[in-house]
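Residue numbering begins at 1 within each chain, and the chains themselves are lettered A, B, C, D, E and F in the order written.
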Amino acid sequence: MSKFLDGKNCPNMPWEDKPDGYELPVWRYSKNPITKRPYSKTIDRVMNSSIVPFNGEFIGVFRCDNHSNRSALYVGHSKDGVNIVMEDEPIKILDSEGNIVSPWGKFDPRIAKIGEEYYVTFCDYCIDEVTTAIAKTKDFKTFYRFDNPFTPNYRNGVFFPRKFGDFYKILLRPCDAGNSNFGNIYVTQSKDMEYFGKSKMVAHAGFSGWNWTKIGPGPTPIEIDEGWLIIIHGVINTCAGYIYSMGAIIVDHDDPSKVLYKCEPALLWPTEQYETTGFTNNVVFPTAVLTDAKTGRMAIYYGAADAYTSLAFTTIDELVDYIKKNSK
Amino acid sequence: MSKFLDGKNCPNMPWEDKPDGYELPVWRYSKNPITKRPYSKTIDRVMNSSIVPFNGEFIGVFRCDNHSNRSALYVGHSKDGVNIVMEDEPIKILDSEGNIVSPWGKFDPRIAKIGEEYYVTFCDYCIDEVTTAIAKTKDFKTFYRFDNPFTPNYRNGVFFPRKFGDFYKILLRPCDAGNSNFGNIYVTQSKDMEYFGKSKMVAHAGFSGWNWTKIGPGPTPIEIDEGWLIIIHGVINTCAGYIYSMGAIIVDHDDPSKVLYKCEPALLWPTEQYETTGFTNNVVFPTAVLTDAKTGRMAIYYGAADAYTSLAFTTIDELVDYIKKNSK
Amino acid sequence: MSKFLDGKNCPNMPWEDKPDGYELPVWRYSKNPITKRPYSKTIDRVMNSSIVPFNGEFIGVFRCDNHSNRSALYVGHSKDGVNIVMEDEPIKILDSEGNIVSPWGKFDPRIAKIGEEYYVTFCDYCIDEVTTAIAKTKDFKTFYRFDNPFTPNYRNGVFFPRKFGDFYKILLRPCDAGNSNFGNIYVTQSKDMEYFGKSKMVAHAGFSGWNWTKIGPGPTPIEIDEGWLIIIHGVINTCAGYIYSMGAIIVDHDDPSKVLYKCEPALLWPTEQYETTGFTNNVVFPTAVLTDAKTGRMAIYYGAADAYTSLAFTTIDELVDYIKKNSK
Amino acid sequence: MSKFLDGKNCPNMPWEDKPDGYELPVWRYSKNPITKRPYSKTIDRVMNSSIVPFNGEFIGVFRCDNHSNRSALYVGHSKDGVNIVMEDEPIKILDSEGNIVSPWGKFDPRIAKIGEEYYVTFCDYCIDEVTTAIAKTKDFKTFYRFDNPFTPNYRNGVFFPRKFGDFYKILLRPCDAGNSNFGNIYVTQSKDMEYFGKSKMVAHAGFSGWNWTKIGPGPTPIEIDEGWLIIIHGVINTCAGYIYSMGAIIVDHDDPSKVLYKCEPALLWPTEQYETTGFTNNVVFPTAVLTDAKTGRMAIYYGAADAYTSLAFTTIDELVDYIKKNSK
Amino acid sequence: MSKFLDGKNCPNMPWEDKPDGYELPVWRYSKNPITKRPYSKTIDRVMNSSIVPFNGEFIGVFRCDNHSNRSALYVGHSKDGVNIVMEDEPIKILDSEGNIVSPWGKFDPRIAKIGEEYYVTFCDYCIDEVTTAIAKTKDFKTFYRFDNPFTPNYRNGVFFPRKFGDFYKILLRPCDAGNSNFGNIYVTQSKDMEYFGKSKMVAHAGFSGWNWTKIGPGPTPIEIDEGWLIIIHGVINTCAGYIYSMGAIIVDHDDPSKVLYKCEPALLWPTEQYETTGFTNNVVFPTAVLTDAKTGRMAIYYGAADAYTSLAFTTIDELVDYIKKNSK
Amino acid sequence: MSKFLDGKNCPNMPWEDKPDGYELPVWRYSKNPITKRPYSKTIDRVMNSSIVPFNGEFIGVFRCDNHSNRSALYVGHSKDGVNIVMEDEPIKILDSEGNIVSPWGKFDPRIAKIGEEYYVTFCDYCIDEVTTAIAKTKDFKTFYRFDNPFTPNYRNGVFFPRKFGDFYKILLRPCDAGNSNFGNIYVTQSKDMEYFGKSKMVAHAGFSGWNWTKIGPGPTPIEIDEGWLIIIHGVINTCAGYIYSMGAIIVDHDDPSKVLYKCEPALLWPTEQYETTGFTNNVVFPTAVLTDAKTGRMAIYYGAADAYTSLAFTTIDELVDYIKKNSK
């Protein structure tokens, strides 16, 4: 049996038992989606967001697209991980000189707790084009953004939640300036979150039929006995456009470019109406996971159709067993 | 408080109060869509159509696509603006020499009453390619089409409902021969509806996130205290194709190329199933408005997913207030 | 009144009377889709498949896409034509040297009974690219595949269910290596199912508005008094991708390149949710028909949204009458 | 024998006899190109320009692209029609309010003398996109531009050199906002050069193998016994991009939408190095013709490879005879 | 040392010794191209054609594109293989019922002498789209075309010049309806030139840097000691369009799907002006070879830039030695 | 008068005075190109390469594409900077563990001398896709490559030739995996050539008509009084593909993201035959400059048509004066 190496419990995380007769390893929350559309007078949709345990409750950084179709990041609070109360104003980000940065034009955040700091990575229209930005916070009140660690064009920067010796490591999906029709996962490292190098390839799109076009990292990797469990998204192109699905790989504890398992099947396809129709149809886009070491439970947050936030569940045992049995 | 300058009342127009708790300025009719699919043995879908008050009831020119996917225009009658009875045969159009013109290959009609005449503009496969055609009628029994006022390729020709001195003015969206990936709104003018010139730019796509790819004029402009209220459609391109939404601008009374307000938020996105799935998915396409001067009520008719006719409501006060507060 | 020339009865075939007030000639089964998604622990979706009467019950070859998005063919059994029990393992195909062929990478099968043999045609990733493959069986336990009768790139190979003198005849839709944006129906012939030639054009895409982009043959043609009834699929391209609909043509008894009727209207568009949203949105793709000579009933099996198997019904009288009245 | 109906002689126009053994009806000037590249310290290339007899010499409006790849119009003077002296500064254009218009962003001018005025039509980045603009002059010192007679997107506006009753007539090629892959010739008319309407189709691309992709009008039409001789360009797309060639049609004296002859062969393909390589490779783009009534000589000016101005010769007899013999 | 297995001498074939200091195995004729442009009053260009020894002289089938950019086949005669005299009228082809077939819309012919008959394969706009057609002749006066052995879309059908047991074998490059961006070589076989089957893959594009996009068979294969020498074309895509180069493979005597050598280097790139500029720039397209058994000389005919016919030379020893040394 | 801040003389660098009457600031070498095609029995073309003074002569790293169209780097030697003798074998590169790296799949090298080391940057098919690689050498015999400082996809990495405090700075052009249709210049920095960060935008494509599509850095920047002179390439897209031209900008001494001058005109367009036709037509691609402090002379090496190495000349005075006068 596999277990979470962080050993942290989270008894109040969202949970729902697997439906009777359901045979697959990941199942949806019966009350999905957990955010409605329109979300509020100012916000049209909440999706592709991240959440972590914080002071016995939950806190997150959420992508909220307003009625002008502009993306901003908001801090949201939740007691149960399901009902989320967004703050009134978008996130407060300071640049390295202490100036307030516009919260707009930012999207698809991930949060990694490394030591006592929370590192938020997100897509940002800085440096003339979209690329990955990094900000850190301790209190989710003020976020300090690093100075352009990356040139264009990156998406889906996702930190590992601990250092490797002196180094932080981050997963990245290089792309082009638009809806790029290619996408592979790379890892690069840094001592200071300012200068990155020694890049390596992790996994190439096309290792299974549901990710023929591109793959990218999803939530912050989870360290388990076998290595790092990385939930990913994969994309194929059809006669009716792209389909984004959820999958998983497991990579080596010390060298994430060593892939131990690539799960052949997709873990979740867009099949429910809130996944197949919304803003961008046919999108299941995982971006956060809550875990409970005691029970092995996992609650996976994913964006649905670029329009909603949704939840799916599994356990470490069931998921890792499935990945191992279904890898070549 | 804003008001409709035409001062005309329409007490029997469709209406439904805003749902409790709904915060946005435009709300859908709870019994949408108002036309079913298949519509009849011969007609598959009714959409992107126009309706006006007429002899105490309502009359309209409707785009009806048959089961061979060919578009024709039909005259439809309604007592309440919701239940529409289509005539058995398509519209009767005569050309300038008195010959009957085929009603087929015509689509997306608008109606403007100018003086005592009703001017219907529509897309027409004449002159070798699609362009905007103009026909006039007094009785909705016979329509007289003008001789090719335009070369290819125009879509969404929409007249202002009164003359400007000696001139009629029409909004147009130049395009290419296919599903063009560009589209801006221009105005051009004519003394006789036969010769047009002195064109000017009105508004360029991309003034907000929901109209990055193209914009075009929707229903006949409505004159209010502030100027002309023009409800528009806007389009963005996603990984799953185009999304058509509804928005609004307000332009100057005398010179429609002077834009006073461009409402940043979209007024209605495709979110209901009859808007997100149908024939062309993700289409909200406004083409007609009924107004009541006394109450300030507005009933907006829009095509949904190129498959259905739907209704949305607002009031002049609520809408104009929202536009003003949300323009830069 | 038209009738099926094979004279065979099939009293236990699926059937449901036309709903009251429904005016069109083909109506859906009220319990559609007849296969759910996910279908099982290993199979995600069942679609675009074929079924025939066999020993008083029904048997078929089914396209089953697994959770890795790979296609395989499975034999399925059914007593009522609605509830289908798939075998545990994919189909067993032998090549001409008696070696077992992988059942994977095969899709969209059709079955034609010619004499006492069942000929299954399907798309196959053989000979470096996808093309049409042919296999025969008597018992649905072992299938014998012929040696590459075709070079790339063909889709939708569909045999006529009897010989024409010494010749077998097959319908084909040549295409390119991807989601080709062109597609017409050709017929070619063979004495031995190994060497094909004397090709002729049958029908060109674009004979009606719903098949502007491509057409291809659907189920095995059905011989009736008038000739061969060929149910087809047709495709148009929209702002939101391709739409696959169902239609029909009737061709000459002796020379299938002589088209007698091309039904202008589509017989079934994607309008139900299981057709408009699934894997590839907006797909109605007919691949099999069961017929009953006594009653003239027809049960049409079609793939819905590349995600489900569905059923529609009509009668030979109603359908042929409609085709004749609606052809030019 | 055909003759020029304007009856004007031009004894000093450029001329060179047909080379011995050359069999085709149009031959190149042996000293082509007549403008070099770089043309001057400020101008990189001169091409796609127009020239007319003026006060016993020649004067023209020339497209000059500078070293920043920006297009401007210049007036040029020539005694022999071959050696052209460009003025130091670009053309002076006034708008309808007497303001000076920037000479930049304008290209591909044509000149038509109608009565005593010279009407220059050209592509102009006015009204937000490129479209056809009209300016008139008597002295080639000041040009008066009309107010936006056209919305976007037109190219190749070419006036007929006389009125038709009360009407001016202009040929146009509607297009899209880029290097459009379609293009047909239309004619529209106006009483005042401000309002245009009663459009008609003249000729559709694809009437011969060299114009499969698009056609557009070239120089000002020339009235001859048979009707109007219109030299055109035609375009085909190849594995190495577009090829622009020269061709001709003859249309009716009174109704230019009546095409009397469409010359099947191209008159000149890009074959010389200054035509096949330059800026845009493979372009022969005719824009002006000088004629001599006495001798029937014609000197055709054409842009070569978007880089040079070149000359070709023919006679009215030889050309019209060839067109007639080679039309269907 | 390798030799030609047909043992036939051809002392009057074109020849020129290798230039001093030239190091590569294939060298151009110093008087290239051997056909001029325009070729004649009716023919603009001659290219992509085939030639064989015949009655002590040479005869060929030539692709001649006229000034309307239409392709036709012509028979041409030559005493020296360099100076070619085209017949006045295009080729006379009869169909299976003895009707004369239009010589137009046919292109890129190859000739294979099998037994005492000459089999000409060419691209033909028959059966609604372009595909490979086959005609035979003994006298080059009348050609008898077979009835549609192939459906669309094939290019570059090239017969082996002898039977394999009872079977003729032909190389084919399946493609799409346009300038397809893929292309591999397949072989298929027939007893009667009417019915083809048992297809196999021969070689896939991308085996070297000059053929990344597609490859296709060139001249009729030449049997040598090692097997069949097949000269091919290969294509790569660049920022300025496709580049067609010449290369070679050697396949097994009995089973041409067994590739023995794939020559890594290209044998000839477009570098001379008549190859880099013409109609379609950057095309070297080999279609015929003359050989002399005594000396081992080879004269390779190739189309240059879709505008000219050109010649290159090598010897069997030099070429085969180079292929062997440069294959993996 | 401007001067080179490095103060180094290079009396034997190539030079040719400006031709009489030539008015533009950069002129071509009269004996261009300086490398022929085919270059040798193994090498087809030499282009896009770099050269520096070394021990009183010149040495360089050259991109040599072989006859299989594969790129490798070679060291070349020259006494006069014009006649270059390539070594027999490609460059010897060691990775960080001392293993020999394949010299293939590398292209477009630049050389910057920083201190006593020569840093070579080049495009490299490492880490699964092309990106920028860095190697250093002192003797041009062994090159030591750093471990993947960059993820995909970068092109045109160009170092500044001195450190800025503790930091090396490098110019980069992020791109996609193919012939990307976008390209801007960024600068990023590193203390160790292993970890890069603090990226900034330098210049965006589209500042003039010749670089509408993309721009990228050319040779190693040259420090002059005004700042850093950076010769760049710029690209526009035409109906016949991309055109690569040469231009220049000047940026701040201390902060290269501060652009002082952007020269509006292009400095050199493809106009000579060796630039307009070759492998990729229409390419002028500057990659190296030799300078002489005493005379202010500059010899610019550029790749022509991806097929040849060529030379152009100017002086610091003439060039900088021209840039200043032609910047906005």
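Basically, a residue touches a chain if its C-beta (ideal position, glycine included) is under 8 Å from a C-beta of that chain, and two chains touch if they have at least 3 such contacts.
The structure displayed is predicted, hence computed values, not measured ones.
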item: Touching subunit B and also subunit E, the following chains; value: C, D
item: Pair joined by the larger number of C-beta contacts - C-E, E-F; value: C-E
item: Centre-of-Cα separation between subunit E and subunit A, whole angstrom; value: 56
item: Gap in Å, rounded to a whole number, between the CA centres of subunit C and subunit B; value: 42
item: Residue numbers of subunit B (touch at least two other chains); value: 240-241, 273, 277, 281-282
item: Chain-chain contacts as defined at top; value: A-B, A-C, A-F, B-C, B-D, C-E, D-E, D-F, E-F
item: Subunit D to subunit E touching residues, read off their complex; value: 23-24, 208-210, 212, 236, 238-241, 243, 264-266, 269, 271, 273, 276-277, 281-282, 326
item: Touching residues on subunit F, where the partner in the complex is subunit A; value: 127-129, 147-154, 172, 174-177, 180, 182, 184, 186, 188-191, 194-201, 204
item: Interface residues, subunit E side, partner subunit D - complex; value: 37-38, 40-41, 44, 65-70, 179, 240-242, 244, 273, 277-283, 306-307
